[in-house]
Amino acid sequence: MDPNSSTRAGSAPVPMVSMRGVGKSFGSHRVLSGIDLDVQAGEVVSLIGPSGSGKTTLLRCMNFLEAYDEGEVWIRGALLGYRKTGAGLVPESDRGIAEVRSPVAMVFQQFNLWPHMTVLANVMAPLTLAKGMRPDRARAVAGEALARVGLSAKADALPGALSGGQQQRVGIARALAVQPEVMLLDEPTSALDPELVDEVLEVIKSLSSDGMTMVMVTHEMSFAAEVSDRVVFMEQGRIVAAGTPDRIIRRPDHPRLQAFLRPWFRRSLQGSAAAGAQA
Amino acid sequence: MNAATLLERLQAYLPVLLAGAAHTLLVSAVAIVAGFMLGAVLLGLSTARGGRGVLPALVSVYVSFFRGTPLLVQLLMVFYLPSAAGLELPPLAAAMAVMAANSAAFQCEILRAGLSAVPGGQVEAALAFGISPRQVFRYIQLPQVARAVWPAVVSEAIDVIKNSAIVSVIAVADLARGGRQIVAANFRPLEVYMTVGVAYLLMTAAVFAGGSWIARRMERASAASTRVVNRTAIRT
Amino acid sequence: MIDFTLLGELLPVFGQAALRTLVLVAVGMAGGLVLGFAMNAARETGVRALTALYWAYTTVWRGVPFLVHLFIVYFGLPSAGVRLDPFQAAALTLAVYSGAYFAEIFRACWQRIGRGQIEAARCMGLTRRQVFTHIACPQALRASLPLIANQAILVMKESALASVITYPELTMTAGKVVAEQFVYVEPYLLLALAYWALAVLINRLGGYLRRRVAL
């Protein structure tokens, strides 16, 4: 299955994110090998797989939070992290990296909000500090982003006063405020109590239906199946299978995929059985 | 010792002790502030370039020396060694310099601990959003470090005030020396030294109370928020 | 610049002085540990008067410089009828002074034991004393070892002040050599190195102890 076949008709000619032969090692431990992946504009791609499969590392290579050792990563046609010279690839300066990755915004598993600043200041900081936006304009943009995630009322609160779900929604607002072309979501709900997961998933779903390009690492299989255009299954640093949610999650034909998804199947069957019994 | 004359005696001690206390506070204040600035510089030097190389090693040796040897020995060395080489240092200046250098070693480690208390994820997120390392330090790390290290800095300030008594040994007219002077004149060591003790206790208690009050005020949203929201955009 | 033969000659003298420093530190610490432990145990009983005593002791003894404590004991007590020689005065003052710090160390370690464990023990019928001896002590004492090792270095540094009341430990010995032989560099160099070496040694010991008793 070609991981790069898209299910959206009329895909843009230049992919938002393009990875060719990407590899990464931590010391002697090989974390990623031979990754080829394209993400087209407007696509939602989910990365699934067991712990240690390299999904998060792969995601972090897309905004160079991890420096990949092999291959090339392109963001909207610009090479990320390195420069092509006569002698081959040379590490790029911090400025160059910032420029290439500016269309990419990330939402973190641990939220990574700045606890000493108000919610509004958290959302404004990338605008005023990184993009040099004027404060009144930044306030307006940030206000819109907060409204989009439903947290306008909490603008003057400190992150510590918010629930986990609310904090993550602020994280999403912060990413939205910079008006990215691509959003990377690193297990956005893994650190949340179960009852707070839905509010975050709702926001992500509405973003996807607005056409935001997203790459998401997640363990929420039902959600991934519902919202994704493509699902990529990884194991031990390689892409093992990729395709539509139907082919990969609902009706997997790959034996390792089936093994990985078995617990989820069991739980969702029990869930639908219980729901059926209650009906 | 009847109460009336005790009171009279205490009143007689007052001028000498107050003058001494003023010196104590002066030496301590200089030591704490200069120690903080030097400590910050030391930390900067030792974390540059990821902590490898000659400079971090030198800082490590400096800290180990100043934390591992008694202040008295450091004072004796700085006071007597230069005079052996023909240099005459004024005692007060020498005392302030040594105490600052000593405090710097401790404050460097306090700041180091404070810096590592800021979760790396917050720094990473800031960098990922394109915020420059200098801005990250000023707006993300510094406000949080300030809050985290404050109690330890207050403790260090109290230690400096106590350590300052040692400078009396090299002839600085501080509070402890004031006490010795009085005792040499009136031969009432128990009473005089206990008064000196109470004086120090008042000073350290005041620093502690002040420090706690400031700590409580820091609990509220820091100025960093307001600054970010109101600043005029400056590209770094 | 440095007279190495002189350094060599000074070594035995400084060696003896170092031993005297160590003895003073050891005695002071032993007393301080016992006193600090007793004070914390008293606080743990929950009796109001004992808790007040604890706070008075730790506040006053830690709020006044060691030098002043030393003067009160060595110069002040004789007028109240108690005459101590330099070693006794220094050791006693060190013990009571460091006791205040050890008490705080023990308090911190005792309070770090999860309330849940203590509740469980009390539910199962253990008395307060049994909880103290069998649940709290083993864990808290283990946790306190690195802090105690750190405090040992501080005690060693304060011991240098015993030179002011003429106990012939390291600092006073160095001062004697300077005064008698009119040399400055070698004695002070040796003095600084001696303390530094002791500090490094105590640090290593502390690290070793921490690894050995880690749960």
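The first chain written gets the first letter, and so on, giving A, B and C; residue counts start at 1 in each chain.
Just so it is clear, a residue touches a chain if its C-beta (ideal position, glycine included) is under 8 Å from a C-beta of that chain, and two chains touch if they have at least 3 such contacts.
Since we're looking at a predicted model, the values are computed, not measured.
Nearest to the global CA centroid, when each chain is reduced to the mean of its CA atoms, is chain B. Chains B-C form the pair with the most C-beta pairs in contact.
Averaging C-alpha coordinates per chain places the centre of chain A 47 Å away from that of chain B.
Note on chain placement: the centre of chain B and the centre of chain C lie 22 Å apart, centres being C-alpha means.
For this pair, chain A with chain C, the centres built from the Cα atoms lie 55 Å apart. Considering their complex, residues 59-60, 63-69, 71-72, 75-80, 153, 156-161, 163-164, 171, 174-175, 178, 184-185, 188, 191-192, 195-196, 198-200 of chain C touch chain B.
Residues 64-65, 67-74, 76-77, 80-81, 83-84, 158, 161-166, 168-169, 176, 179-180, 183, 188-191, 193-194, 196-197, 200-201, 204-205 of chain B are the ones touching chain C in the complex.
Interface residues of chain B, counted against chain A in their complex, comprise 119, 121-122, 124-126, 128-133, 135, 139-140, 143-144, 147, 221-222, 224-225, 228-236. Taken in their complex, chain A has these residues touching chain B: 63, 65, 94, 98, 101-102, 105-106, 108, 110, 112-118, 120-121, 124-126, 128-135, 139, 158, 174, 178.
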